[in-house]
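As written, the chain order gives the labels A, B, C and D, with residue 1 at the start of each chain.
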Amino acid sequence: MMQFGRTDLLDETDEMVRHRTEKDKEKLKESSGIDFREKRKGRFIVTEIRVDDQGAEKIGRKSGTYITLTAPGLTADDSEGFVELEQLLADKLREMHAPLGLPENPKVLVVGLGNRSVTPDAVGPYAIDRLQEAVPAFYSEDPGLIAYAAGVTGQTGFETSDFVNALASKISPDLIIVIDALAARDSTRLCRTIQLTDTGIHPGSGVGNERKEISKEVLGIPVTAIGVPTVVDGPVMVSDAIESVFNYIAAKIEEKNSPSSALAVTPWLHDKTKETDKKVLKPIFGEWSQWSKEDKQKLFEEVLSSDEQSMFVTPKETDTWILQYATLVSSGVVKWLSPATPGSESPAPAI
Amino acid sequence: MMQFGRTDLLDETDEMVRHRTEKDKEKLKESSGIDFREKRKGRFIVTEIRVDDQGAEKIGRKSGTYITLTAPGLTADDSEGFVELEQLLADKLREMHAPLGLPENPKVLVVGLGNRSVTPDAVGPYAIDRLQEAVPAFYSEDPGLIAYAAGVTGQTGFETSDFVNALASKISPDLIIVIDALAARDSTRLCRTIQLTDTGIHPGSGVGNERKEISKEVLGIPVTAIGVPTVVDGPVMVSDAIESVFNYIAAKIEEKNSPSSALAVTPWLHDKTKETDKKVLKPIFGEWSQWSKEDKQKLFEEVLSSDEQSMFVTPKETDTWILQYATLVSSGVVKWLSPATPGSESPAPAI
Amino acid sequence: MMQFGRTDLLDETDEMVRHRTEKDKEKLKESSGIDFREKRKGRFIVTEIRVDDQGAEKIGRKSGTYITLTAPGLTADDSEGFVELEQLLADKLREMHAPLGLPENPKVLVVGLGNRSVTPDAVGPYAIDRLQEAVPAFYSEDPGLIAYAAGVTGQTGFETSDFVNALASKISPDLIIVIDALAARDSTRLCRTIQLTDTGIHPGSGVGNERKEISKEVLGIPVTAIGVPTVVDGPVMVSDAIESVFNYIAAKIEEKNSPSSALAVTPWLHDKTKETDKKVLKPIFGEWSQWSKEDKQKLFEEVLSSDEQSMFVTPKETDTWILQYATLVSSGVVKWLSPATPGSESPAPAI
Amino acid sequence: MMQFGRTDLLDETDEMVRHRTEKDKEKLKESSGIDFREKRKGRFIVTEIRVDDQGAEKIGRKSGTYITLTAPGLTADDSEGFVELEQLLADKLREMHAPLGLPENPKVLVVGLGNRSVTPDAVGPYAIDRLQEAVPAFYSEDPGLIAYAAGVTGQTGFETSDFVNALASKISPDLIIVIDALAARDSTRLCRTIQLTDTGIHPGSGVGNERKEISKEVLGIPVTAIGVPTVVDGPVMVSDAIESVFNYIAAKIEEKNSPSSALAVTPWLHDKTKETDKKVLKPIFGEWSQWSKEDKQKLFEEVLSSDEQSMFVTPKETDTWILQYATLVSSGVVKWLSPATPGSESPAPAI
């Protein structure tokens, strides 16, 4: 069975989610220890969060860089959009790795995590399939690119982190990249986001098993994690849906009380940062409507039967999305590694 | 993209769903035109509904037989359970086809519907893959078993019903069996149900395109549809979840007001036929909690953004389930067709 | 099991093979009823043979056009070569179909023959996989492109020709294209040749089953066959090898008797049209060396055990070749069908 | 590209092949340092060769045990035969590993070698796919079975032997098993043989790269290699075929000179150990017919163009064979590892 949520990504943590109204973001930027920047880059939104030790303590996460590339309008067959996103990924990989001072032709170990036979978990192994076609091009005397799918512990019998550790010990790469599918906490991010971090991944995260993390601290080698959210857990989807209902009804009521046109409703529906006046909901939805989204989500997690818990929500074209992202991530990594590629010679874009 | 819900199955229609309390079922049986029987058979529940012309008019569905085999406790790795369900399917196919007076070695055309590259839609094509291994065994002078995956119109460029029609005209089989994945209206049925009907399927159902149905009326050849529900649409899952929450909270409140033990809650939670006293919910959940499940579902369908609509809910082990059912349905059909198989010589069990 | 050799291709028939020395080709051109042209086009060799009724009787084959595109230096990873060959295929399809007077947006039924699960036989089904991605682009009110893999009779239980016939009756296309893997009679052609003909294919060829052919005569619709030789039968490979040995040894002996340099040997080795003086071989290889290649091949077919007969010879990178050709043929067909493609607007090149 | 012939198997070395007449086998047994035993076991032939240091020096191979299980009549769809061969494999694994004194629940690392995307090379990776389903059953506190497909160096960028070394260092298994496809030197062995040895494998064998071998000497852990011959190189097949022709013709001539019936020819054809009187061949086939098979093979290797060299010969049902052997080898290993299996409790059979 799939076990998502292995990568430590900051952007969706409670702390961040709770502060996503414009005012709160401002506050977050001002707070010491956390540097939060969000810019639009063509059709993409790039969020970069840098957390120092002080900030790490404050939000209970590891210090490091967390970059999120979001493509709000992307569809599974938008090949042009994927090409642009691929270039953006290559650019960000270059920026992110610049401070590491890697040698000119670095030796990079790329490991794909996840279960090849469960489609939404297969981004990692599929990306490795594609990457392996590029391996010979980086092989002169020594290999420059080494690519493996790690399999999952339930099938290999071996801890994924131990697998990476074993290879890293023998190969001594200059950098380790891990590619993984993620579970999103927000269904609008599904298959429309790539997340990068230099804090590594924690397969045993939440289980308090520090020893098992794949990170620079443990391996002595820089680790970059590339994650693509491909599923949403059932309770999250339900609570998202309730939120939509509440917003919709609240808007309807406000509309009745104001001269605004019906046209105003639709775009508003998805403005998740807008503070709706929830008080109007109380007569229809009772006390419950005044609860925070997090509290409702906790209720769903508590109540939903194990049957419903063991389901996940995935886009209808999930098979196409997964193949697209596997190609995109693989090509982005190759583009970054290939100094002669025209696109990569351009100066790193400032965001 | 997947387009589920092609098969005309009675068991989950509004009319049936609304009458599932014990008392209502009794009433349904008494009503003229509809013969409703539900029996337990080992670990399985077998529901058989026979609708005559009078009943058909009453519920707005085609007259015919609708059989549902449900395996409440089934898990994806319960190979014993799958073998028993396979035998049950073979038995039911025999019962169902007995009145047709097929020749001793009938010529049967089996067509798998659905998109091979979208996992939860692939039950049909995968079942055909397995069935094709059995084809030579039924080939003497003439073929006894002809098996094709129809593909989907978006990929072949040809209407699925026209495809079946073209083959049927040329082959003149004694019987046509179509195998398809379905969207369930109830998440507890997901991958735990097989549905059989002799009313054929209507790829254009709901679009008012009578001409495109795959049925005895159109083809002049009996058509049996075998369907496996593998996904639940988003709105359904959300409304199921809300129902669970309401039941849970109502039970908590009743519990507080009664001397019942905590142990009583869990089994109760899933007794979907029990009439909970919804009135206790009003203070917390407002007017909304008094709505019918169908009304809430309609609200979700109206409100959920197209983004969320285009997702579906599927079990985490969906890849395993699909392969299991493909094998089961294929083997069930072969078992029914093979007169020498011991199991098939046994007298048709009465339910 | 694979049953190759279904397509009726002239270029390798005994009559043609026997006349491949330059002098004989001249003679062939002069003979009435057969128009034989061979031109070099960049790195490719294009052979076009047109046979009228008189010629057909002479060589015992159907009248019609037979075009062979050969790429002598092609390797499995030569993506540039494949792109050029694809354009050449599109050009030849245009030339070949020009006399048919197809409507502007013709309705074309493309059928892939062969067994998907036997790699060297899978060119047809794999090409259909790729072609199906292009189907929606040709769908306006009616489908312009309809694409099916026919499966093999041993798996579907239905004759391939009957399958095509059934679809053709229902669809009434303007043109039928069949794509198939072939067994070559010459190992140097393996995966380096595409063969086109308008004479259709004869799945029952050699079995005297005229009724089962897929051709304009039977269906009343023009049929174009696209074939790619992917295997060589064991006896052919052995007899090719013996031929190479004899040529090699004869050259060595002649070399000793002349002042020519060693360098002269290698290029000569593969000039299969050169008439070597076989007499010098008699002392070493006996009477046998004076036999014709065809006679030796017959001996091998007679002698080789059924074990050795049931093997075939295939290139080591066969999986890559098959995927490349599936893409090439699919893209070539799409390019021909797409009038707006720049490449296709160019005037048909004369060869 | 596939690079077969990685496993060091004694049974087909020149030394062994040259001594396969009954008389010579006797001689071989008597010679010091080599213990050669061949017994029939039901429908299988079991060859066991034990070579000590003295024998190793004599034949230029490593000392150790070499076991070959041959199933002369096996066909790809003989499921009963595969089950028997599977049990034989499990029995031989038990015998072979008995002297190692492994702990009761040994920790075993199984590595599949070969290229998953080249069918005849995929026995190793496919066997691992199946084995991974059994991994959880051997997992209590620690894993008992760890299973990985190593990939090929051209795709991973990492030496296969280094990969095994890296895992072995981290895991410290009690035993390493490698599973690999082989190139046979004798086409009758193709897909009808399993070969076992405790001498490990030498991916760099023939290249004089001792450091890269996967063996007990290098890793300090016992290594068992399981190999299945799935292809024959072109030159081998040609020389086998010539041999068949010579034997056939010689038999024909002898027949004419003797009163023997035609019926006597067929069984004789495959008796490869019978010494035919080659002298009768000289008038027809010249001096060449008096050469040894090895000398002819060398000529073919020298003469065949690189084109023909880069082909291999494989059975027509190769896809089925590969899947059958992947299942067989995987199940044989599991059966050996499972002490509770009835078959494995039986005393080790003497051969």
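Here, a residue touches a chain if its C-beta (ideal position, glycine included) is under 8 Å from a C-beta of that chain, and two chains touch if they have at least 3 such contacts.
In this text the structure is predicted, and so the values were computed from the model without any measurement.
Both copies, chain C and chain D, contribute mostly matching positions to the interface they share, with over half of the numbers common to the two. One simple way to say how far apart two chains are is to compare their mean CA positions; for chain C and chain D this gives 36 Å. If you average the CA atoms of chain B and of chain C, the two centres end up 48 Å from each other. Of all possible chain pairs, the ones that touch are A-B, A-D, B-C, C-D. Interface residues of chain D, counted against chain C in their complex, comprise 1-2, 117-119, 187-188, 190, 232, 234-235, 237-238, 240-242, 244-245, 248, 269-270, 281-289, 299-300, 303-305, 307-308, 310-319.
Chain C contributes residues 132-133, 135-136, 138-139, 143-148, 151, 154-158, 162-163, 165-167, 169-171 to its touches with chain B in the complex.
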